[in-house]
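What follows is a set of notes on a single structure, which appears directly below.
Chain IDs A, B, C and D follow the sequence of writing; residue 1 opens each chain.
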Amino acid sequence: MRLFEYQAKEIFREEGIVTPEGILTSSAEETAAAADALGYPCVLKSQVLMGGRGKKGLIPFIQERKKALSEASRLFEGQWAVPRILVEEAVDIERELYLSISVDPERAKGIILVSAQGGVEIESLAQDDASKIHTEYFSLTSGLQSFQITDLSYRITIDAQLVKQFRSIVKALYVIFTRYDAELVEINPLFITKQGALVAGDGKLMIDENSMERQKRFVRTREFYESDMEFEAAQAGIPYLQFDGDISLMCAGAGLTTTVYDLINYEGGRVANYLEFGGPNYRKAYEAMELCLRNDSKVILIVTFGTIARADIMAQGIVDAAKALKPDRPIVTCIRGTGEAEAVKILREAGLEPLFDTEEAVKAAVRLSKEIG
Amino acid sequence: MSIFVDRDTRVLVQGITGNEGSFWTKHMIDLGTNVVGGVTPGKEGQRVEDRPVYHSVRRAVKEHKVDAAMLFVPPRFTMDAVLEALESGIRKVVTIADGIPLHEMVKIREASQYHQAMVVGGNTSGIITPGRAMLGMFPHWIERVYKSGSIGVMTRSGSLTNEVTAMVVASGFGVSTLVGVGGDPVPGTRFAELLPLYQEDEQTEAVVIIGELGGTMEEEVADMMSSKAFTKPLVAFLGGRTAPEGKRMGHAGAIISGGKGSVQSKIEALEAAGGMVASRPSEVGLLLKEVVKGGGK
Amino acid sequence: MRLFEYQAKEIFREEGIVTPEGILTSSAEETAAAADALGYPCVLKSQVLMGGRGKKGLIPFIQERKKALSEASRLFEGQWAVPRILVEEAVDIERELYLSISVDPERAKGIILVSAQGGVEIESLAQDDASKIHTEYFSLTSGLQSFQITDLSYRITIDAQLVKQFRSIVKALYVIFTRYDAELVEINPLFITKQGALVAGDGKLMIDENSMERQKRFVRTREFYESDMEFEAAQAGIPYLQFDGDISLMCAGAGLTTTVYDLINYEGGRVANYLEFGGPNYRKAYEAMELCLRNDSKVILIVTFGTIARADIMAQGIVDAAKALKPDRPIVTCIRGTGEAEAVKILREAGLEPLFDTEEAVKAAVRLSKEIG
Amino acid sequence: MSIFVDRDTRVLVQGITGNEGSFWTKHMIDLGTNVVGGVTPGKEGQRVEDRPVYHSVRRAVKEHKVDAAMLFVPPRFTMDAVLEALESGIRKVVTIADGIPLHEMVKIREASQYHQAMVVGGNTSGIITPGRAMLGMFPHWIERVYKSGSIGVMTRSGSLTNEVTAMVVASGFGVSTLVGVGGDPVPGTRFAELLPLYQEDEQTEAVVIIGELGGTMEEEVADMMSSKAFTKPLVAFLGGRTAPEGKRMGHAGAIISGGKGSVQSKIEALEAAGGMVASRPSEVGLLLKEVVKGGGK
């Protein structure tokens, strides 16, 4: 779960990391008042989860109240429908650093990345000049040791009087990383101000999905999702991604669903939604089909190959759901695995002629989606 | 000889009295797996499939020699159960748990490296040597998928594995040993770490890897091939070729970020190293026929 | 630093360990009122740091108010001059366990000790029947693991429904052990009540002396010391132990001071006080001599063999202190080590004829202590 | 060849720019110790006794081969400094710090065991091979104490060591290598772990241990003698024979509790194993004369 910048910064401050003075707003009026309070120039930072906010014009620099009002209106009401704006004082920047802590899956270690060149994406920096990135690995069993932070602080070229601040920030970030089960905690850019202070210019904190149960602090409200449908699916525990094509997927297993997604694209079809109907959800045919039907799709494609997710139960669920929901579009089924003979019988009795080959099913779905087109 | 698990591998089932544990213990035994006992704290004295249950792994290993531990334990207790197995001297561990916290998975891997053990999973169906033995939960009863043969399979997926393996069998091949490394960003064991076992395994003539977007496991396989540490034919199928950047497609590990982990880069790496990449499941069998002598018998 | 029972139990409760209901009192009236409030029978637990309180009559069992008053008076005003009483409800005890966490120095591991037989000292139990004690070692680097607690809980014979409680208590004790830098945290006895609950009958928590700087919670007030002198010496940072003999020691180094203590006993002398005048204290001759003079001793014996603690500086300090304090008893000096030639000169000039052999100095001091006797 | 440190041992001094660090670095060099450099974060570029100073151990070991680290670092930073040395591949570490937190000392010992290293201290003066080399802070300028010879000395004390060693020298002997293991309850290295070094050391004809009440280090020495892992003559002096139970006499490690750790039990163990125990410092020399061939030359 990725947090909003303002949430990450709130946690940063709790651990002693300095951030620019800021006020969170949710209307243009509030934004202008906040800008007045902080003084000009200031920055309107749109609280959205996508990257590249600067390039998209979502972080306007503001010199006066009138502009604060107009820009805030544009952000709140424009195409991005920004839910909140973090109004922040402008900072006198001398330089920008990059700093993050995450996990290296291959080494199975925590990893700190630091670059004396901040503000750009670390991945593009890595491609340009990997020597500019300093790495420090640490054990999650025995923890990050102070001497590692010390050594790291002398690998980047910063003024001697910044070293202590830098070490404190790394320590704080490590505490956040472990306490909040973070996949990633990142400060990019980490400002070095003209006054000689280190200030977190941005904040990115991603919580491990598998640890959400014990990370009670973070609640996934509607604004964490790009659409109502994704939000509702998540509430129902159904993995769901919204696209804008013609074919609704209702497939079992992440890998198989992704493969079906690929095959549809190969065949020139377009996916309306990704939906996992399997694993713990294999009895949720009704909920899954309802989500599919709410899409403006032309076909529902069901592909499964289950073990515990028994084919006969899934087939019965689909038949029952179809009876209740009376779908206005064709359903292509390709249901295999445990109990598949029984499943075939159930589907046939309900008039849903089953297919047995995934690629064939995909072709059928794409063909139907175009015919109906 | 199969890799990892065979009929003589003595298996302890942790979490044996649970629904999943007892169900799959029966199936593992049915297939020929040598389950010697199980563990569930508080249930010592019970029996599952006529195997004795113990309060703890330590108590079990006092009574039985154990080569491998099979875990049917909920995700948030998995680290503890793995550490328990490792501390008792068990060097092969398989966990199917889906939802192990990331940091705990890192600690599991650290402990596994420390003990020079192999922990496979989580978020996987486990390991199967069709017709012989199984550590996990595969529909071994579906013969058109789980047929013994000469193709080693390594996979990050579940249902997709059935899909691809069915194609392998349909092309006239069978599977030597299938290892599901799992769909998590930090699996306990990585593809590249299993390759030496397949390289040595006489039964295995070629290896199929079922990968997907995200991470670098497939690139590591390519490295092993380039350095000639693995020299048998290799066919890969990779899901998520057309996946958009930044969206998590299913598995937590299946995400492209900052241009890294795309299927395209994996394909390039594997092909440069001499591997073959199928673009559809059905192509896997066709490619195998090209590279395996007397393809499909 | 050993805490009082009531302090240990306060920490236990914070971590969820159940203790008997109790009220802390510091007068007989308060004690009787507390007993009334808790109901009879109850127990008056003297808050002193010595062991074997039961045998010394410091934990009377009380059936009625009158007895509460009289017993409390005896404890507060009697020979033990108990500073506080913890009045506790009586508990219906089925059995008693022993449970502790400490450090095994040889293995360099944490160690949990459990015995199904509580209430007695673990050391005597170890001598009687070591098989009754169950041990579990854990790494302080990677920490105690749940499975270890689980396995331990099935090694002692307790009812199945107590296992969960027992595990929670071990976990809580481990948290206390690590959070408070404990040398030892012990519950002895750990009651199994007739109602099937686990209740901490006593509480012992010893904080590592070397961690006191970061364990701000614990302040050493007067009541942690057996005498005013020990308290004052501690405030001055001078290791000091009160005895009741004739010879005041003012020696450098723990090992050497202890050896001088032994040698005095061999020679039939009696030590008035142990005092370390060396290491960080070698410039504190005045404070050290003043402490010695406040004793009813007959001789002051000074033995040092210093490296950084320079003999000449110590000698000058002693000479200056003697001038200021005008000691009413003889001083025997045996000051060696760095700068000893200069030291000899300084002492001789002041009329303090130095000795150079420790055993000779001890003999001289003992002889003097008897002559003056 | 001396044990632990000799003239060819390349020594890095951590905390070299502090008062203690620079003072004793000079003395270590004066005695012949091969100090190659030092570490103090923030002071790279400075020189102490003409040796270069680095920000970190890692940076130092990039420039110098290092065999041993000598720490003049405050107690609460000691664990970090030890871990830093071990992580950089240094396998011999001496720390003089007095006041290392108990739990951190345990972690230091855990790390030391993991790295198969030897960490001596804290709360000690260190190690000296008179006339040759020193890791620590001994008054090597006092000839009647620090004279080269054939007696190995291991000690838990400071001033008492000077006292006893003076008696050794007064009896006509000298010291091969003196190791102060320190007065803390959990020393980094225990007497028994050093005995094999003295056993192998050709210069050492007999060993003197200066122990005290508390702990079991002396009993472990007795075990080594009983099992014939150590066969040279051994004389012990133990402080605290008359110490009352339950009082901490000086060192944190010097406490009798529950009847364990009394000097009496140590004496019994050592004598049963063939060792000799002096009741006064002056007896140490007399006993050495009895057991060493051509006693005192």
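What we mean here is this: contacts are C-beta pairs under 8 Å (C-beta built on N, C-alpha and C of every residue); 3 or more make two chains touch, one makes a residue touch a chain.
Small disclaimer: the values here were computed from a predicted structure and weren't measured.
Common neighbours of chain B and chain C, listed by label, are A. The chain with its Cα centre farthest from the Cα centre of chain B is C.
Simply put, of A-B and A-D, more C-beta pairs touch at A-B.
With centres taken as mean Cα positions, chain D sits 28 Å from chain C. With centres set at the average Cα position, the gap from chain A to chain D is 57 Å.
The geometric centre of chain B is 52 Å away from that of chain D, both derived from CA atoms. Listed for chain D are no residues, as none touches two or more other chains. Of all residues in chain A, those touching 2 or more other chains are 141, listed in ascending order. Shown here, the protein chains touch in an arrangement that is not a line, ring, star or fully connected set. Chains touching one another, given as pairs, are A-B, A-C, A-D, B-C, C-D.
The part of chain A that touches chain D in the complex is made up of residues 145-147, 150-151, 154, 160, 163.
Chain B meets chain A in the complex at residues 75-76, 98-103, 106-107, 109-111, 113, 125, 137-139, 141-142, 155-163, 166, 183-187, 190, 210, 212-213, 215-216, 220, 239-243, 246-247, 249-254, 257-260, 279-282.
On the side of chain C, the complex with chain D involves touching residues 50-51, 103, 105-106, 108-110, 121-124, 127, 139-141, 178, 181, 183, 208-211, 213-214, 239, 241, 251-259, 261-263, 265-266, 274, 276, 278-279, 304-308, 336-338, 357-359. By the touch criterion given at the top, residues 41-42, 44, 55-59, 77, 80-81, 83-84, 87 of chain D touch chain A in their complex. Of all the residues in chain A, the ones that touch chain C in their complex are 141-142.
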